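Next come two complexes built around subunit A: one with subunit B, the other with subunit C.
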Partner chain A sequence: MRAESSQLRRLPVHWVLLAPALLFVAAMALFPLGYSLLLSFREWKLARRSSPGDFVGFSNYINLLTDDPEFFEALRVTGVFITADVLLTLVVALGAALLLQKTGRLNTLARTMLILPFVMSPALIGISFRFFLNAEYGVVHHLIGLLIPAMKDTVWLADATLSMAAIVASDVWHWAPYMTLVILGGLASIPTETQEAARIDGASGFQVFRDITWPQLLPVVAVVAVLKTVFALKAFDTIYTLTNGGPGNSTKTLAYFVYEQGFSYYDMGYAAAAAYLLTAALLVMAGFYLRLAFAKNR
Partner chain B sequence: MKRRNILQVTAAGVGAGIAPWAFSQGSSAMLKPGKPYAGTEVNLLTVVAPQFKAHEAKLAEFEALTGIKVKYQYVPFGSTREKLTAELVGASAQYDVLSAMDVWGPSLYNLFEPLNGMLAEKKIDMQARYPNAHLRAARDGNGNGKNVLGFPIRGHVQLMFYRKDIFNQLGLKPPATWNDMVEAGKLIQSKTNLSGVAMYYGKTGGQNLMIWFNYLWGMGADLLDAKGQPAFNSPAGIAATQAYMDVLIKHKAAPAAAASFNETDAVNSVAQGKSAMVPVWWWRYASLVDPKTSTLKPEQVGFAPLPSMPGKDNTTYTNTWFYGINKNSKKKAAAMEFLTWLSDPEIERSVLLDKSMNEVVAMQTKNLLDGDVNARYNGMHVYGAQALKGAKGTPLFAQWPQVSDVLEAAISELASGQKQVKPALDEAAAKVRRIMRA
Partner chain C sequence: MPQPPKPVTNKPALIDGYRAPVNEQVAIWLRQMLVFVGISAIALPIAWITITAFKFPRDVYSLDTALIFTPTLENLQTVFDHPWNLGSKILNSFAVALGTVLLAIPMATMAAYAFSRFDFRFKQSIFMLVIASQFIPAAVVVLPYFLLFKQLGMLDTRSALVLINMSIVLPYAVWMMKGFIDAVPIEIEESAMVDGASRARVLWEIVVPAALPGIITAAVFSFTLTWNEFLFALIISKQDALTLPIGLIGFRTERGDLWELMAAGGILITAPMFLISLLVQKQFIQSLTAGSVR
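Let's look at the complex of A and B:
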């Protein structure tokens, strides 16, 4: 009886049960990842051949890093976008979470409504913002003109800085509500006793936030910052529909650059190499995220 | 002489300069007898257009003739190139007939089956049917090769659309030259609350190059020289680009918003009563007179050939879509039967004359000069034929998508006032040289 049970334990039943899921993951994630990694070491211009060409070693990567000023320009634009986007999202999300943490019907309704911007398609958000900012009939353009008469004749999407501001604003509008919900979760997990004790000891609202709430909320904010950085690195749809990377190339990010190489220029090997450099950046950020997440669990 | 007769005579005059008339017989007669492919299902991947919906509505006729079923799968313009790329990368046989735009052709030649043998077998004379500017878009070898890869199915020439009521009120004539356009625009701005001309300098799929090309050609400049190297930054190219930008920057005859406009924004500007003129593809006529999309009535919208440089012929940038057969298709013969039927000039003509829609697209020379078609659209197609006669067509070379991106970024930077014309074009030329070398 004991021998039979031991034999059963040795059978890889768990592997059999896991096999369909593992196969699915392998087909849908690992194979494309592996294939595109191989592609990044090959020459494959679709205009010249319909199947991948010769192995070219690291030359796609070398060209990107030594002979492509547009790649570095896209890196610079990405850096500007991420910095502004992540900082603004954090400030808005944190502020909104602090305002909405109290219970009450209105706050519950507001929290429920927060999910709405998040469920909207980024492409649709981009198109909508393009309409909002249209210099002839855009409602946001008109309102800004009323509030700041000096900006009445500003053509938002024809100005490099304002176009970047428009993209950041649309992305913050999309993501800040979701991040607010995450921070609200973090706020809810902070024991109220410490805050109450501080208040009894005479601490002001700001002191309670600075010395009690913020230190305990920091791991959640850090996770939000890392997640938002990852999402900002991948941002494409909104930029494509709102500015097309313009004016000039002032809003062409790395994700947009990769898209262009693959789907506009049909240079699959080069696009794969650029995509892997983007993936490397994402992996670094994912590493930070995992460390923060595990640190929190510990 | 009645107006219709005048149009017919004009059409005949234009036609005489285009090609020897060898108008083909109806394509239905070219279908294989005995329904050899009955029961076959042909899958078609096509961009969205009202014209194609009208074709789809006629499929019962084709099915009755051949027993072949055709299934249309529509894809929005913005996703079409990605979809075709996926088909090419995957060597898929999912679709038998594919639609592609001219400028993508050189990158997608490997996706299409040459039709020469099948065309010869059916005795279809493509030269007689289509103007060269459209036909070259469906040829390999950058438009000069020996293989025909598809049937031109949808194509456009540019016209100048203008507010007829405003022009009448101010005693203006449609502008014959680009300078006239600027002067008319300035006068309209001074006498009405409308902007002069809705240009589009923003960055969207190379749209800000489509009028620029007319300035370039009109000044005797060109995109590339005979060696395939950049020529757009020649003195003539710089003068042409300066004149093109000056409409917005110096003369302010365009709305300030034109710096970020794409083609749709510009058409909307006229349709919403904000601007008085827009130089644009003829297919935009439908949205300018459609009450769902425009505040204008048909009698308020006039059109004329695109202006030219003083003393020079009219030019037009062209746009051509073609339907070709997927090289990986398992049903090529049935797909060819479908294309044979669909390319019957009578099918195109019936869509043009369908009064339930304002679909102006005519590809076939015969229909461009058709009296009834021109009577319905007040001679628009005669203008089209005239413009197509000397049209250079779109740039066809594999690196065009990259070159186009460089140039449209340069134009967009110029419009935003970030750069001056010469340094911007010189910088773009350096980038283009690098692209052409790679």
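Let's look at the complex of A and C:
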């Protein structure tokens, strides 16, 4: 918007209008960033003392990177979770959006329902999945046992791989419908003329999708992938309520690891250092995706 | 003789005309089936939790009576009794969410208006930084907030939760509302200012009514995020400021998980969100998706 009259532009009102929101957001973002950084160079076991302890240089970081198998396990778990979660969400959302693109009564109903999982509490979703997978009376456990007799006696949440699958499933259930809406929005903004012309010229549905729809949809898909990756790195609620990071450490992501170091072991400096490494992972990931989206785009 | 061109519809079968109609019908039927599967995947878990809330425990812990059971309202009453006290948790959740919305939305409206209507140095960068603040992982933020509110003696207070949630929803709300205000024509404002109206009057009497759908949408979105917020509520609240999502995990007891009570609590936490989101659905979806598409 640059159509302001000269009168609108002369007044510095905009800073007055911006100040409350900007100052608040800046304070609430910069304070923890700075404080965490300070903490990450200190030794501070909250159980033993109530104020930050000695400056210990990089030793928290060094301990994390050289002497903590649990941290690397968390790193691996985070990688597996993000890869599976983002890919599955993308595939489900893209498929559903292409399916729901056309009008029709059933499709309208489906589109209305897409908002429901997104406004549900992730904590409740985690609890519900735990209930569904319960080995004695869980309905999903039971149904899968009927479909695949070999899995009749499987205790889902006692198995590392299946627990991870359950976490991914619950997160996809929460997010894929919303991402479907986003992709539907992207599909709606693509002009239909080229697609129709290609169809008249004899292109198959798949060819139209691959050569015309997909390239135009790619920026939206990239945005969805970035958003989902960021939220996957933040994922905590469903892990806490569904598996508690278990069995063992098999579903303990970096976010959960930080929480545990800070609030179960009260090791503030160590937790802060881990949190900063998580931020670094996030920045790398965001940069990677942005470059990917940017390179394909222009 | 070539046929006259048929009107273009989004049904390709009508255009090429060579495709066997049977194939097309099978394809349509398959699509419908898939949509139906998708609808079931969303609806069945919700339905299952809903019926569980109306079951006696004996029917919850047996699949023989999964669908045929004597319904009861007992669970929905029990969750309000000691020691669950979901009543006070609903009150806390409601107070925190409402407080967050009432404080954040006016701030966000003013900021969004400034971003939409003014040109100033570093405008794009400042806007991006506001959005980027949401990319900071909660894990980094959670320790300092805990220590800060501990220092201030504000642990286990609703005010602390309001402040934290404000910092979460403000960037989203600014982002969403800027889009809505961008779409409001600027001419009315200009003529009002030429007539001598003050900036505050223009904002209050022209912009706010015109952007009201957007303001409501951002408010609903912020309310939803705050209502469901889990991690910070888990860390900040102990007893007095417990919110509904934290109340839910209280049903995991030493005697095992009390699913029927969890389900009853689940209904209480979900029903208001479903109601509000369906009420403002069209606007809600538009603004939720617009930002990512543009």
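Assume the second predicted complex is superposed on the first by the 266 of 298 C-alpha atoms of A that agree within 3 Å, B and C clash if a C-alpha of one lies under 4 Å from a C-alpha of the other, contacts with A are read in each partner's own complex, and residues count from 1 in each chain.
As a working rule, contacts are C-beta pairs under 8 Å (C-beta built on N, C-alpha and C of every residue); 3 or more make two chains touch, one makes a residue touch a chain.
Everything numeric in this text was worked out from a predicted model, so none of it was measured.
After overlaying the two complexes on the shared chain, residue contacts for A:M268 are found with subunit B and with subunit C alike.
When the two structures are aligned on the shared chain, A:Y35 is found in touch with subunit C, with no touch to subunit B.
Legend: residue contacts after superposition of the two complexes on their common chain; A:A21 is shown touching subunit C, with no touch to subunit B.
Legend: residue contacts after superposition of the two complexes on their common chain; A:L147 is shown touching neither subunit B nor subunit C.
With both complexes superposed, C is the one of subunit B and subunit C in contact with more subunit A residues.
Within the superposed three-chain model, A:Y137 lies in touch with subunit B and with subunit C [touch as defined at top]. Touch criterion met: A:L184 reaches subunit C, while subunit B stays clear of it. By the document's definition of touching, of the two partners only subunit C reaches A:F236; subunit B does not. In the superposition on chain A, the residues of subunit A touched by subunit B in one structure and by subunit C in the other are 136-137, 262-263, 268. Those residues of subunit A that touch subunit C in the complex are listed here as 1-5, 7-9, 11, 13-15, 17-18, 20-22, 24-25, 28-29, 31-33, 35-36, 39, 96, 99-100, 102, 106-107, 109-110, 112-117, 119-124, 127-128, 130-132, 136-137, 139, 142, 173, 177-178, 181-182, 184-186, 189, 192, 196, 199-200, 202, 205, 220, 223-224, 227, 230, 233-234, 236-237, 240-241, 254-255, 258-259, 262-263, 268, 271-272, 274-276, 278-279, 282, 286. Taken in their complex, subunit A has these residues touching subunit B: 45-51, 134-137, 153, 155-160, 243-249, 260, 262-266, 268.
Every residue of subunit B that touches subunit A in the complex is listed here, in rising order: 81-82, 85, 88-89, 91, 106-111, 201-205, 255-257, 259-260, 265, 269, 272, 274, 398, 401-402, 405, 408-410, 412-413, 415-416, 418. Across the complex, subunit C meets subunit A through its residues 8, 10, 12, 15-16, 31-32, 34-36, 38-39, 41-43, 45-46, 48-49, 52, 60-63, 66, 107-108, 110-111, 113-120, 126, 130, 133, 135-148, 163-164, 166-167, 170-171, 174, 182, 186, 189-190, 193-194, 199, 224, 227-228, 230-231, 234-235, 244-246, 248-249, 257, 259, 262-263, 266, 269-270, 273-274, 276-278, 281, 284-286, 288-290, 292-293.
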